[in-house]
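After this come two complexes, each holding chain A, first together with chain B and then together with chain C.
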Partner chain A sequence: MITTSRRARLGWNIATYAVLITLTIFCIFPLLWTFLTSLKYEADIVTQTIQYIPKRITFDNYVAIWTQSGFPTLVFNSFVVTATTVVLCLITGTLAAYSFSRFHYRGRGALMLGYLVIRMFPAVLMIIPLFILMRGVGLLDSRFGLALAYTSFLLPLFVWMLKGFFDAAPKELESAARIDGCTRLGAMIRIVLPLARNGLVATSVFVAIAAWNEFLFALMLTTSQGSRTWPVGLQLMVGEFQLPWGVLAAGGIISIIPVMILFAIVQRTMVHGITAGAVKG
Partner chain B sequence: MSTLTLNGVRKSFGALDVLQSIDLELEDGEFLVLLGPSGCGKSTLLNIIAGLETPTSGDIFIGDKRVNDVHPKNRNIAMVFQSYALYPTMPVERNIGFGLEMRGVEPDTRKRAVDGAARMLQVDHLLDRKPGQLSGGQRQRVAMGRAIVREPELFLFDEPLSNLDAKLRAEMRTEIKRLHNRLGTTVVYVTHDQIEAMTLGTRIAVMKGGVIQQLADPMTTYEKPANMFVAGFIGSPSMNFVHGTLAREGDTTTLKTDGKDSTTIRLPRVAANLENLAGRKVVLGVRPESFAANASEPDLTGTIDVVEPTGPDTLVVLALGGQTITARLGPKLTVATGETLGLSIHPDSISLFDPDSGNRIG
Partner chain C sequence: MAERMSALSQHPPSVWRRLDPAAALGRLSESRYWMYLLLVPSAILILAVVLYPTVYGFQLSFRQMRLNRPDLGTGFVGFKHYIAMWSDKVFWLSLRNTAVWVTFAVIIEFSLGLVAALALNRNLPGTKIMGVLILLPFFLPNVVAGHMWALLLDPRLGVINDILVRLGFLETYKAWFADPSTALGAAILVEAWHGFPFFALLLLAGLKGVPDDLYKAASVDGAGPIRQLRLITLPMLRSVIAAAVILRVIGLVNSPDLLLILTGGGPGQSTQVLSLYAFQKAYKDFNFGYAGALSVVMFVLLMLFAWAYVRVSKVNQD
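So, the complex of A and B:
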């Protein structure tokens, strides 16, 4: 009996690991393949037989994309747009989430639902009106305009996530702070925000990654090199008669580095933030 | 001079009246306990006094100043919350001194004040710790330190002991009483624990359904409850209620109990108004400790249903013609279930209530 149950458990363990390893390979392989491609000479990329491990290694692709294209500008633009989006979300979203969490007023439920409904529309549906709107106010082909467009669909996510973190902060703390001499806003900044810090970091990282990787809005709302972001720039490098695989791969790898660094720095805070309140802490 | 005056304070949430015209006047140095079951409006009343909620109508005066539109921070009050509400991100020292910090008190003065309060509450060795590293009792002391350091005109306590275990609760109760004796500051204290109310308060306001049922000193509340709710809420085991009809038998007044196995209870007190009540249906209220075992001349006789020895005394539940009463008798009582027991009622310790309104009639 014991042997049978042990065998069964072993079988289950093997099956579990097999599934997990397959999934890991499935996720990591494209990244690894891109990385390996970025290290290959052009002649070694398009070959008769697939060459998994490069025989010769070169960093020419990285040098090429950084020096011979507008890639640094694209990355810089992405930085500016992402940072602006995060700041816009932080300022407006924090106040909105706090108001949803703490105050009861007419239309509160409808407003919150409205925020959620915006998320339900496909981006394609929003993009034409947004294009016309941006053109009308002269924000087409500007980094701020793009950040504003990102804020329009990332703010709901930010507000809803942060509202959860604010809900978890006990109201009595604010009452105590108000008696101790804080205003409502003062109590929020001094007492509630430090408590919701993990949530704030986690939510901001989500928004930052979404803004950093966004493609469709950037394609539609930017037309010049001055405001274009890296996903669009990289896509435009695909020419009609040539496909510079090595350079594209190098661009891809450079672009995911900021995301990886961001994750590495905030990973612990973020996991803590996401699971906060799930169990009694 | 009165520290706190409430005139016709009402609070409604939509159609729900949480407080119905509360009038109160608190003298300097008084310790008022707001006592009542959950949902009776006592915490709402405290929040209104603190300025955390606005009354629907009515006036609130602290000292001689009307404070209805005054921000909580400018009311010169301090509050201790049920959950302690210590700021989790700040060490104890900053927690205690936060109110002073917000008022722009110099760091040196602040430190002296914090040290003084911490010493008084024996938390001076914990000043560097965060609230998360403290035990329940220590958190409670820090919360009190935060309140006393500001030297307010009025202390507000919102069920401050309900999160502590029984032993610690008794300790902290003594501590709060000692603190009040020492500081002499006026206190409004919310609780649902009648022991806390009895031991701490100079006056108790028993609340139910947003109405103050009785406002009196603890012993009056206990011995002469204004109605059956107050009588039943204060005291453990609670007051015995026996439904019946009053009658005169010569010099004595008796109560003929309701129910099919009716029995007669002799009432020991000859009060002036008792004679006028003869023939009237009443509810007799007697505290469990007002009974004494008396075999020779009992005022009432019943069958023992349950015997519960608690150590210092014995609780005996007696079946009395279809109704039951609980008597608190001496320790080491040799009685058994099913036996007949005669009891006498202590003179001057009976209450009579109107069965319809529940109000005290004698």
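So, the complex of A and C:
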């Protein structure tokens, strides 16, 4: 915003910094406090006077959550479900996004809207029949079944975001390849996908984070240690064993590390993709 | 081995091309229906895993289905569940709570998001990193977000209680989630923390699309920052705001995750919302029929809201 007087501008600058610093503290403080808690001895957490800076540091909580519970299995299951979801989205969603981006045909707008409306269906309405359905075909309590469910409700976002990245890839190279005798499929795989590489990575990361974090479907559609993901496992541990705060905090920190790393790597492209889709759509 | 190779290569090349799946797909891609064929895999998945269960869910709401009472059968019961809902006090309470939960969460998240977006859009030196940190909560899992705040607000060792007592705002530590009068408010605070970056993200993108000339012209005409915000920024952002609000309302109404983790609907039913109530009816009472009816009502109300909201925001445009 452009203001006329220099003094007024200085005032607004100070206000801007004040607002941003306050909001950053609001956003980061819970995370920071959880991290500090995960480094404290349980005796230092449950005290009369709260220790803001831990007097002594321990990694026992991390060792405890990793060795004394099924946490590694939970994390591994989450990893498998997430990877499967990303692969399924990449295979099916890339084709759909390419169709929406490169062709103009009857019903295209309606179809794109249809993919988006899917997002409006209440999870609860869907979960009950999905539970019955998956039980019927033997996919209940399986990592693949869960990944299938994730793919279906993450696909719309995946397709819309990726379409934006495909739109941004120049069409001329593709035409050149077609003239040189490439099939449409060949041109897509050899030319368009490499051009939209960053977009593919960012969109996949977005889907991966959502699948890694998901709680409700995992709670319903998994029932045993063999397929349970970490959010459900962690939540159940809190209920069953009265998990000590330090151990719970350590579990939380371990499980958000992949999210933070992925977010840090692709946040610029990903944020661009999310916002481009929203502003245009 | 060498003999087999030579035997194979004696086949005419056209046969080979027909057998090679990659080449076959390549030829398929030249078909005039290719654009539709590209949609087939994703459409099958969506039909099977989203659309079919949803239709099934509608149908379920007119049927008897209690997993723990197989003696009742699974026959059609017409509008029985819907009539039962009319006299179900918890239904009306959760409807009211849903309205409070969504309204306040959206208002707070929008306000914080707008302030954050306006501040970030000034691009002052050193604020880029803050932009990244401010977005972070949105990408964190509900389970971790819930427990982080449960720890911060804990009645015995919560650091927020400690700070408030030290600053003199509170006499003693407060059990925020155990007191029916503060539980919903505390949950809304957690939700606001988790959700406001979403608004910040979309509004910031919208702000980037507002041409600078408008502000220059306005300041030449002597309009101050507040009037510029009211007369230029907000009107220019109208469609982004509308999209963000709709998406957020849908998300808030549909997902019981955070309340399930924080309060489980309690104490009493003071934080019970529709999605959570339906969820508990299904997985605590195993009353799938009634849960189905609850989610259908929720879906219809949501559609009505979306329709009315789009209409109102369009009427204002004229």
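Methods note: the second predicted complex is superposed on the first by the 243 of 281 C-alpha atoms of A that agree within 3 Å, B and C clash if a C-alpha of one lies under 4 Å from a C-alpha of the other, contacts with A are read in each partner's own complex, and residues count from 1 in each chain.
Criterion: a contact is a pair of C-beta atoms (placed from the backbone, for glycine too) under 8 Å apart; a residue touches a chain by one contact, two chains touch by 3 or more.
Computed from a prediction, not measured in an experiment: that's the story for all the values here.
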item: Clash or fit, chain B versus chain C on superposed chain A; value: fit
item: Partner chain in contact with A:269 - chain B first, chain C second, else both or neither; value: neither
item: Chain B versus chain C as contact partner of A:93, first or second or both or neither; value: second
item: Contacts of A:73 with chain B and chain C, given as first, second, both or neither; value: neither
item: Which partner, chain B or chain C, touches more chain A residues; value: C
item: Angular separation of chain B and chain C about chain A, which is computed from CA centres of the superposed model and rounded to the nearest 10 °; value: 90
item: Chain B versus chain C as contact partner of A:58, first or second or both or neither; value: neither
item: Which superposed partner A:142 touches (first chain B, second chain C, both, neither); value: neither
item: Smallest distance from any CA atom of chain C to any CA atom of chain B, in Å, after fitting; value: 8
item: Where chain A meets both chain C and chain B, residue numbers; value: 183, 186
item: Of all residues in chain A, those that touch chain B in their complex; value: 170, 172-173, 175-183, 186, 191, 194-195
item: Interfacial residue positions of chain A with respect to chain C in the complex; value: 1-4, 12-13, 16-17, 19-21, 23-24, 26-28, 30-31, 33-34, 37, 45-47, 50, 52, 88, 91-93, 95-96, 98-99, 102-103, 105, 108, 111, 115, 118-130, 132-133, 148-149, 151-153, 155, 159, 183-186, 188, 209, 212-213, 215-216, 220, 231, 234-235, 238, 245, 248-249, 252, 255-256, 259-260, 263-264, 267, 271, 274-276, 278-279, 281
item: Parts of chain C lying in touch with chain A, wherever the complex brings them together; value: 25-30, 34-36, 38-39, 41-43, 45-46, 48-54, 56-58, 60, 112, 115-116, 118-120, 122, 124, 127, 130, 132-137, 139-145, 147-149, 151-152, 156-157, 159, 162, 193, 197, 201-202, 204-206, 209, 212, 215-216, 219, 224-225, 228-229, 240, 243-244, 247, 250, 253-257, 260-261, 275, 278-279, 282-283, 288, 291-292, 294-296, 298-299, 302-303, 306
item: List of chain B residues in touch with chain A within their complex; value: 47, 50-52, 71-73, 75, 77-79, 81-83, 85-89, 98-99, 102-103, 146
